[in-house]
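Next up: some structures, all given as structure tokens.
Each of the next two complexes has subunit A plus one other chain: subunit B in the first, subunit C in the second.
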Partner chain A sequence: MLRVKRRTIVAFLLPMLVMMAVINLWPILYTLYLSTTNYSEFNSDNYRFIGLENYRQLLFSLDSDFFPVLWQTLLYVVVCLVCFLIVGMLTALALNNPRIKGLPFWRVILLLPWAAPSGITALIWKFLFQYDFGPLNQIGRLFFGQQFGIPWLLNPTLAFIAVVIVNVWLSYPFFTVVILGALQSIPGELREAARIDGAGPWQYFRHVTLPLVTPALIPAAILSAITTFQMFNTVFLITQGGPVVSALKPGATEFVMIYMYNRILGASVANPHYGFIAAFSITLFALLAALTYLGSGLGTRLPELSGFREART
Partner chain B sequence: MSQKLPTAALEKQPAAFRTPARERAKRLQGRRAVAGLGTRLGLVGVYAFLVVMTIFALFPFYYVVQASFAGAQNLYTTDLHLFPAHFTFANYLTAFTQEPLLNWIGNTLLVCGLTALCGLVCSTSGAYALARFRFAGRELTLRALLTLQAFPGLLALTAYYLLLNALHLLNNLLGLVLIYSAGAIVFCCWNTKTYLDALPIELEQAALVDGATPFQAFWHIVLPLATPALAVAALFTFMTGWNEFALANLVLNANANGSNLTFILGLYSLQSDFRTPWGIFAAASVIVSLPLMVIFFFAQRYFRSGLAQGGLAN
Partner chain C sequence: MMQKKLIALRTPGSRPLLALMTVIVIMLMLLLAACGSASSSNNSGSIDYSGTIVIWHGWQGAYLQAKQAIFNEYMHLHPKVKIVLVHQDNIASKAATAVKAGNGPDIIAFTDDNLGSLALGHIVVPLDQYISQDDLNQTYSPAAASALVFNGHVYGVPEAVEAITLMYNKSLVSADQLPKTTDDLLAFAKRYQQTHPGQYGVVWPTEDAYFNAPWFYGFGAQYVTPDGKAHLDTPQALQAMEYIASFRPYLPKQPTYDVVSSLFAEGKAAIIINGPWSYADYASGGKINIGFATLPIVNATGTPAKPFVGVKSLWMAKTAKNPALVADLMKFYTNKANQIAMSRADGEIPANSSAADDPAIQALPAVAGYAAQVKLGLALPNTPYMSALWTPVQNALTAVWNGTQTPAKALSDAQAAATKGIAQISS
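Let's turn to the complex of A and B:
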């Protein structure tokens, strides 16, 4: 700690605080304000304060899309996380196996998706999923004949699976790195001791590896849950939130951020209800902030870790 | 193999002990043989898994690279082509000559570069104050930073639109820089602050005792020492900008030939064409991804050490 004059402290802090007030704080406060009005495209000149009406409509109205979209998003988060953990764990175990030849080579290859710019790879994956010319269906035709074709992005369930696959492709290297780091810090004597005590490979994994890796996994998992929950780019670039089955229901991959975006900028929306969407945003923010506090409460350093992961969200 | 040793030792046991010991050794050997077979099978399994994962990890890269060298007859077909039948550079030429690829790259470099710069300039002195000074409201600021970190800019879409409209920065790259800076400042501040927390304070104290002003201590002592953390923060900010689509799409409206877009918007507009020019798309993707991936791989170690010192290590 340095003892300095108050003036100095203010001078050091000022640029950051001013900038943050304008571009961080003001937009949030303004969104909060909007969420209590009936502001929409059609009444942008004479909108008025309506209290918590938007929130009531969002949370308690029967035709509100909030809960369907939220469940859909949570399902996506859970499915993705399970896949991340399984694929990340298996790859890390394989890369930690001293009997495997050429480990540095495998490591570079398996971590390659991490280095790729995610926006571009999302568009590449969209190409791979294409029905007629996409290589995935072309491979299928090699085995199952010309009429074969999986409607990857046209069928709701398949589109959901497709965006899970892409997210797994993008995110498993992060888990591989985190788990591999934890595995390499397990002292070799433990393996020896477990072997002498007669533990089989599964028992060793279950009772030695897993408990020792978990502390490193929890922050990574929370962080990934948060980033997947608010995922926009990758999914939007592939499906735009579709496919839409009925005009009344959100699309199968219309997760929270995409839903919000489509309700404001979507081509089919004539009269965006900014006030209502602001209430949606604020509710989501409350959820995200709660998750972040939960994460930091677990003794983790989410902001730094998120930087570590950031390059690829 | 060391496994043979115990059995050999057992043979030398006196006769009286031999039977049970031998029995035990035999059973042990049998179990070991099974385990050995299991390990070998397991090893084959691990290799098989690695090969499958390699295909999964590399296929998108491979396919897009070969597609960038293939002619249209290879791409608009329902049959699989894993090698270009007629190797051609035409897609690369077209990407550079007919599409405003260089403009997109230039715009993206400008936006990301300015965002990183703005993030660092606005946050570094603040991060220093949070790390080194104690004052009323410090805890509150830290807590606010943590909360803001959880706020994706996308949530304030309407507010940002109105803000840029008021500042006459809509459809302007600087408007995009301003919005991106919101996230950049928070991230840069937090990363730098944790890095400085771990940096010894004695040098600055000595400088102050010798009559330096706090600003001189910050400028001449702390900034040079904090370079790794600043570089990491800048790189992350830079790379986040490369991939951002939603806010860019909000701020920028394509002009007649789309030369005012950022790279990801341009690539997206290529794909949403009525007849997607896959070959050109593939060539454009390769041109931009390759340098980024090379940078990432060379910077990776540096990344990790910069962040580790910034508090990631546990």
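Let's turn to the complex of A and C:
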């Protein structure tokens, strides 16, 4: 057996560790430090340590935007995920059906949204949703007269629905691919066995397909939940976090990332309080880390699923 | 076995790592400390006509060419002086970083509303010993002169001014049909829509704080005073907001700048309220025959609507190496002859008042049109507190225009948000 001194190993790892420290660790530690100061644009020369004051303001002050923003972000994540799963499952089941003609064509069409750059997609949707001249409302006016108009991006609820639609349109192909892969690995004998046992299509789906697809879905869902939680570009390009309901409240689609951006770099932010925003992002980091940890446990610990996996191997 | 080895590896290995981390942290801190130690020395007296002057600017195209010609002439007069023009985006924030690091420019060219925060951050420094307030008042138009003074100090010179005014499509509306008062304007918008379905009488971005300042200030309200008090909860502000809201049936529901601008460009809107930057887009190729008029008189107060006058300014940065030369260049750049030449070349409205009154300039219809409006406007506030107002005012306008809030509620929320923002600036 080749024997290497630990020191040699460390020497070889050192360049990479330095890179990690400078690129990954330093910004995180610096943000952690910032979150305990009152650093802002105008007092960058004489800021000071203020302990956990930023966190107190964030979590316990009455006019804090933290909980409303977090709540609407979580709602967005849940709604999007449910839609991803439903649309992804339906499209995957359809693509998995050998009786459909021109399958390669449909596959390309259904996966196309995934290939389109999200920024451009978002801008196209923004135009589609425009109230006065957007195609959606223009088409509506052909049928319902000049007065017709759905205030897609003007009404808080509709704007929320609009950004859900766009995100689903952009992301469902990922689930289609994942589910399709899982579907195709289901052995044909299972279907036969189920049929002999007298299972109908729904029972087959409920008791054979779904349990076998779920293990593949859980990591995809966790991954998606995190990206959706941190969603920035698509939603920002469409609504900038609006529509505004009041100067004192965050906009109806102002999710965490957009909220932070609007408070630091937004078009006309008065005096960016870097310390406060750092506290905000550290809190979110802790929250996401906890959710991910819980989520990753979910994928491996469900007993009946691992039972299935063992049975198959 | 494997487990044991891993653990054994980790403990001694962490000591060099820890040392390394400490070194990195110390190095970064030294770097940060170095950033704060830049300083400049002032030497007054006779001017040393030598060295390099770096100007950070946002000029492009015809603007840049016109200005470059003036700087070339200065270099021709003083062969030892070299002027370097550097184009920058986000000038204010970049200058803040660069000047603190000691490698900023000598001159920063930007709009006056950034002066307050740059001056408070010691990014730009006063020029009082070279240019006095009296010099400013004698040479430049009143709004332009006032925009260069902050906390009683002079920080540079104004080069050009701009303000939004009433621009109309001469083939859709004639000069005698133009609304003279705010009530006329509302009636005109209503009438025009009845006679031209699907088109608009007057358009402007109704959710934007800058584009609606004429109404607020015309009705006697103000956004913020230099002492850092927001004034959005006044009865005058409410009147202005209600006036703006009364246009809701006669304008698009989502009147963003792009939407209203293309409506006017396509001939679907008779009047637009817009500024000099838009003129070339509409007029080029003889697409639209544009006429100019000043904004209407507010019926409630009898005073004309007062737009913000944006003052394009040149300030001296803290990193300037030769302040006397910088001041001399600034004076040369904005003297009457050069201002006339610049205006004729790029169509900007000169800040130098004798240049603006010159017949050669008055003969240019666009320049004369905007210049007439500038006289009625007031300088874009250069107090840093103004930056706390843009978003709340815009949010209030949006909430009212969307119909989610009443004018009174929207303004009281905006007042609270602005007060909070101002408190954050001074904290």
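Definition applied: the second predicted complex is superposed on the first by the 274 of 313 C-alpha atoms of A that agree within 3 Å, B and C clash if a C-alpha of one lies under 4 Å from a C-alpha of the other, contacts with A are read in each partner's own complex, and residues count from 1 in each chain.
As a working rule, a residue touches a chain if its C-beta (ideal position, glycine included) is under 8 Å from a C-beta of that chain, and two chains touch if they have at least 3 such contacts.
What you see is a predicted model, and the numbers here were worked out from it, not measured in a lab.
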item	value
First, second, both or neither for A:6, with subunit B first and subunit C second	both
Partner chain in contact with A:49 - subunit B first, subunit C second, else both or neither	neither
Which partner reaches more residues of subunit A (counting touched residues only), subunit B or subunit C	B
Subunit B versus subunit C as contact partner of A:67, first or second or both or neither	neither
Subunit B versus subunit C as contact partner of A:133, first or second or both or neither	both
First (subunit B), second (subunit C), both or neither touched by A:17	both
First, second, both or neither for A:232, with subunit B first and subunit C second	first
Touched partner set for A:144, first subunit B, second subunit C, both or neither	neither
First, second, both or neither for A:41, with subunit B first and subunit C second	second
First (subunit B), second (subunit C), both or neither touched by A:273	second
Common ground on subunit A, meaning residues reached by subunit C in one complex and by subunit B in the other	6, 9, 17, 25-26, 132-133
Complex contacts: residues of subunit B adjacent to subunit A	39, 42-43, 46-47, 49-50, 53-54, 56-61, 63-64, 67, 75-81, 118, 121-123, 125-130, 132-135, 141, 145-160, 162-163, 178-179, 181-182, 185-187, 189-191, 194, 201, 204-205, 208, 214-215, 218, 232-233, 235-236, 239-240, 242-246, 249-250, 264, 267-268, 271, 278, 281-282, 285, 288-289, 292-293, 296-297, 300, 303-304, 307, 310-312, 314
Contacting residues of subunit A [partner subunit C, same complex]	6, 9-10, 14, 17-18, 21-22, 25-26, 38, 40-42, 44-45, 130-133, 149, 151, 153-156, 242-249, 266-271, 273
Subunit C residues within the subunit A interface of the complex	8-9, 12-13, 16-17, 20-21, 24-25, 28, 36, 96, 100, 117, 120-121, 252-254, 259, 384-385, 387-388, 390-392, 394-396, 398-399, 402, 404-405, 409-410, 413-414, 416-418, 421-422, 424-425, 427
Of subunit A, residues touching subunit B in the complex	1-2, 4, 6, 8-9, 11-13, 15-17, 19-20, 23-28, 30-31, 34, 87, 90-91, 94, 97, 99-100, 106, 108-110, 112-121, 123-128, 132-133, 135, 137-139, 141-142, 146, 169, 201, 216, 226, 230, 232-233, 236-237, 257, 260-261, 264-265, 274, 277-278, 281-282, 284-285, 288-289, 291-293, 296, 301-308, 310-313
